[in-house]
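Letters are used for the chains, namely A, B and C, taken in the order the chains are written, and counting of residues starts over at 1 for each.
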Amino acid sequence: MGLIGSYNLRSMIVRKGTAAMTAGGIAMVVAVFVMTLAIAQGFRATLVASGSPQNSIILRKGATAETVSGLLRSDVPLIETLPQVARGADNRPLASPELVVAIALPRQTDNQNANVPVRGVGPKAFQIRDAMTFVEGRQFAPGTREINVGRLAVGRFKGLGLGSDVKFGNATWTIVGIFTADDAAFESELWGDVDLMMPAFQRIGYQSMTVKLADASMFDSFKAAIESDPRLYLKPSREQDYYAEQSQAMTTVIRVFGTFVTLILSIGAVFGAMNTMYAAVAYRTREIGMLRALGFSRFRIVTAFLAESVALALVGGVLGCILALPVHGLSTGTTNFTSFSEVAFKFRITPALLAGGMLFSAVMGAVGGLLPAIRAARIPVARALREI
Amino acid sequence: MALIELRDVTKTYKRDAIEIPVLDRVSIDVPEGEYLGLMGPSGSGKSTLLNLLAGIDRPTRGSIRVGDTETSSLSERALAGWRARNVGFIFQLYNLIPVLTAFENVELPLLLTNLSKTQRRDHVMTALGIVALSDREKHYPRQLSGGQEQRVAIARAIVTDPRLLLADEPTGDLDAKSAGEVLTLLQRLNKEYKKTIVMVTHDPHAAERATRVLHLEKGTLVEQTPAAVGG
Amino acid sequence: MKFIGLVLKGARRSKRRTLLTVMSVAIAVFLFASLRAVLDGFNAATEASSSTRIVTLRSTSLFFSMPTSHAEGIKSTPGVQDLTWANWFGGVYKDPQYFFAQFAIEPDSYLRMYPEIELTPEDRKAFLDDRTGCIVGDGLAKRYGFKVGDKITLQVGIPIYGTRDFDFNVRGLYKSGGAAVDNQSMFFHWKYADERSIQPGQVGWFVAQISNPDQATQVATAIDEKFANSPNETKTDTEKQFQATFVSMFGNLNLLLGSIALAVVITTLFVAGNTMAMSVRERTTEIAVMRTLGFPSSTIFLLVAGEGLMMAIVGGIIGVSLARLIVTPDLMQAGAFIPVFGVNNANAVMALLLSAGIGIFAGLIPATMASRLKIVDALRRVA
């Protein structure tokens, strides 16, 4: 294999123009593959990052998202006092009854109105989500019309800078702090005091409640306690499960779409690789005859040409990955159709995704190289040697 | 006035930094109607000389005149047009286009003229008639023998009725019988159709048919003798 | 032209290679036309929006409602001719994955103002007469097998409608008479939903018919001014703007689909350009021979470029035909939100032009290669 490997490699270098174009075609396919899946990956990561294993979110039974859920004021003390709920330094329960509504704000990019989630939270909300940190300003003071804004929302929508006033719910709210949350969906939201938001939006109840459990393993008993209470028509979920489920539909759509496009596109690239390899075989008919005469087996010839094709495709794969890399971390947004509000997220290229892209390129090379390699192996020795 | 006039034609090739002389101050006159044989060992510059005459290569120094045209000073484009009208070229390996039939191969140079389809057909059939291959018009090159292929190539060279035919080892790849046929054909074109022919060859039998033979060696003419007549 | 024969012969030289090239162009054009069809589908709804209908929402966002009493205020605004309203119901059919849009509408006026909802007079009457009746788009009906006379049960999705399931009688299937209304929705009586609401008398949005489209902005402003500083401020926009907002909810589709289309085109350029370069390299001697025969380099250029153009256009025709056959509204019901239409003529022409462009660009380098060939070198290579 050693000799024949370097033989193929050298002949690839000889045909560098053709080889470059074939690799280029494969590179484009891999780039599209990686980029579209990076969207799905990023969207999912954003929502999954929103959940913590130690937290539980409680919604009305049957509700699929916070926006279509409801929770009575009277439900709150019943849950807060459960023994599984963790308590803060002040010995008050780490629970936050919340309200999520969407307000219309114009995007920076196209000036179209988007539905931006506004979350009314309890005073403990920032302690429950431990990933939250302020990059500018401070936490809003409870009982005031101060709000905090996620960093991704600041970049995506107009008029959300520190110190700006935002009008909604017949009131004016002042932004006093900007926070990050490990790229979680919260970074696309506006947060304020739930007790002021409720009247502003003419709501009479909360929509959900998020609690921190004293220990992640207590979820089952916590769930049992709520479900056995006849006064509560509620269903607790692990926060992580809830957000993973939220991302399901959208990621599936993106994955299906991305796979569909890349598969069709890859057929074109495979044709290109096939063309190149057929030409390589035709061009080297005599050499192949010579190798066979020297005693190289058919199998050796097939593997050598397959290896050449795969190597060529892998060069394309590396190029494609490099081409796709710059989108990593770019932020974009789409509507989360389960909550009907806009989520900003970043393209996310993971090592696994790159490995997938490389594997994909290798498969394209193998498929494109197979038929030409078989043809190479079938060349009759005597005729090949005669040919010019 | 001679049809072809070469004056001090020098041709050098650059390989890396070294200049390799191929032709060195060659002057030849070819009168109209002559059948000139060019002989010499390989590397003597005879094919280069032929290429210069055909206008597919340019001299480094010196001038070439064919008829009224100073070919060494024509532009690429003008040269192409001049070739189409004035020169027929016959290659050692025939160089027919494999995907075209004998008819279409012969028709190829006529596509550059303004002739109508019927006129083109007349010309092609006349040319194929001269080379005695009228019945092979629909054959593809791979369906013809070497001698037939070369005769189709000759038909292609004469179909535009050029004054000058240039042949580069026309029999180099043929068996003796086919070679004889091709040489007879060239001789007929010279005598009957008054074509001026310059033929490069290293086959003495081929050279015998020429009216004059020149010998080239290392880029210069070594002697200029009338060809021995007869076999 | 007399050279066409030569071009055709050239393409037939290596049938396999020509076939592979043609097919890769066909695939690219197919993808391009399909992506355009999706984008067109989105934009069509915006483009087809009526310029005489304006939509009034709560200024906060689509998710807030306003009292029916706003109807009087809007109707009395100068320029407004007719008025209707609707609510988003958000019910769940069997399972959340079987999603489709349901609208609670004020039936008489809604059907009057939306002639795009095409119903037979009998179905229309049957629907208007049945308080729990509904009409569904023919596309939606096909998807779930709804027939006239069926009963559809929806679970409540939005808490204000209580906890009890809603039953509806299918009274008619409508056809979409314009892109402003898709055929994937369900409409039913606003009253039926309202009477079970915890907060009755609430309207999601009003649609007003105006007499003069040029006055749309003035009328919209006049409406919003009426409710300014009330607890239920409004935001009125043309239907077009309303649709555009909706389309933009998906994110930057133009950019995403545009970049994919670009990648498709570049990939194909690589593949097609490569093939043609290969075929030129193979024909080096022939080209030299033709040059010797007196073919000017410009003719050689055109012959090679013409071969590429021809292959690309054949590929383009195959691709467009495939897209027309496959990408139809029936097949592409990926999601109820995505209004996909077929590949229209403009789109088909654009895709064909694209294939021609690919052919020209892919042929450029090989054709230049061929025309710049040094005859003597090329001849020597074989001899």
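Operating definition for what follows: contacts are C-beta pairs under 8 Å (C-beta built on N, C-alpha and C of every residue); 3 or more make two chains touch, one makes a residue touch a chain.
Note that the structure is predicted; figures quoted are calculated from it, not measured.
Enquirer: Which other chains touch chain B while also touching chain C?
Expert: none
Enquirer: Based on mean C-alpha positions, I'd like to know which chain lies farthest from chain C.
Expert: When every chain centre is compared against chain C, the largest gap points to B.
Enquirer: Where's the contact count highest, between which chains?
Expert: Pair with the most C-beta pairs in contact: A-C.
Enquirer: Could you grab the centroid distance between chain B and chain C? Build each centroid from C-alpha atoms only and quote it in angstrom.
Expert: Between these chains, centre-to-centre, one finds 64 Å.
Enquirer: Starting from the mean Cα coordinates of chain A and chain C, work out the distance between those two points in Å.
Expert: Chain centroid spacing, chain A to chain C, equals 25 Å.
Enquirer: Roughly how far is chain A from chain B, going centre to centre by Cα mean, in whole Å?
Expert: Their C-alpha centroids are separated by 70 Å.
Enquirer: Under the touch definition given earlier, write down the residues of chain C that touch chain A in their complex.
Expert: Result: residues 16-17, 20-21, 23-24, 27-28, 30-31, 35, 59-64, 90, 92, 96-97, 155, 157-159, 231, 233, 235, 244-245, 248-252, 256, 259-260, 263-264, 266-268, 270-271, 273-275, 277-278, 282, 334-335, 337 of chain C touch chain A.
Enquirer: Tell me, which parts of chain A touch chain C in their complex?
Expert: Contacts found on chain A: 17-18, 21-22, 24-25, 28-29, 31-32, 35-36, 39, 60, 62-64, 67-70, 101-104, 107, 109-110, 112-115, 168-170, 201-202, 249, 253, 257, 261, 264-265, 267-269, 271-272, 274-276, 278-279, 332-335, 337-338, 340, 342.
Enquirer: Enumerate the contact residues on chain C facing chain B in the complex.
Expert: Result: residues 2-3, 5-6, 9-10, 12-13, 285-286, 289-299, 375-376, 379, 382-383 of chain C touch chain B.
Enquirer: Considering only the defined contacts, which chain B positions touch chain C in the complex?
Expert: Residue positions touching the partner: 51, 54, 56-57, 76-77, 80-85, 87, 89, 91-93, 95, 97-100, 104, 108-109, 111-112, 117, 156, 168.
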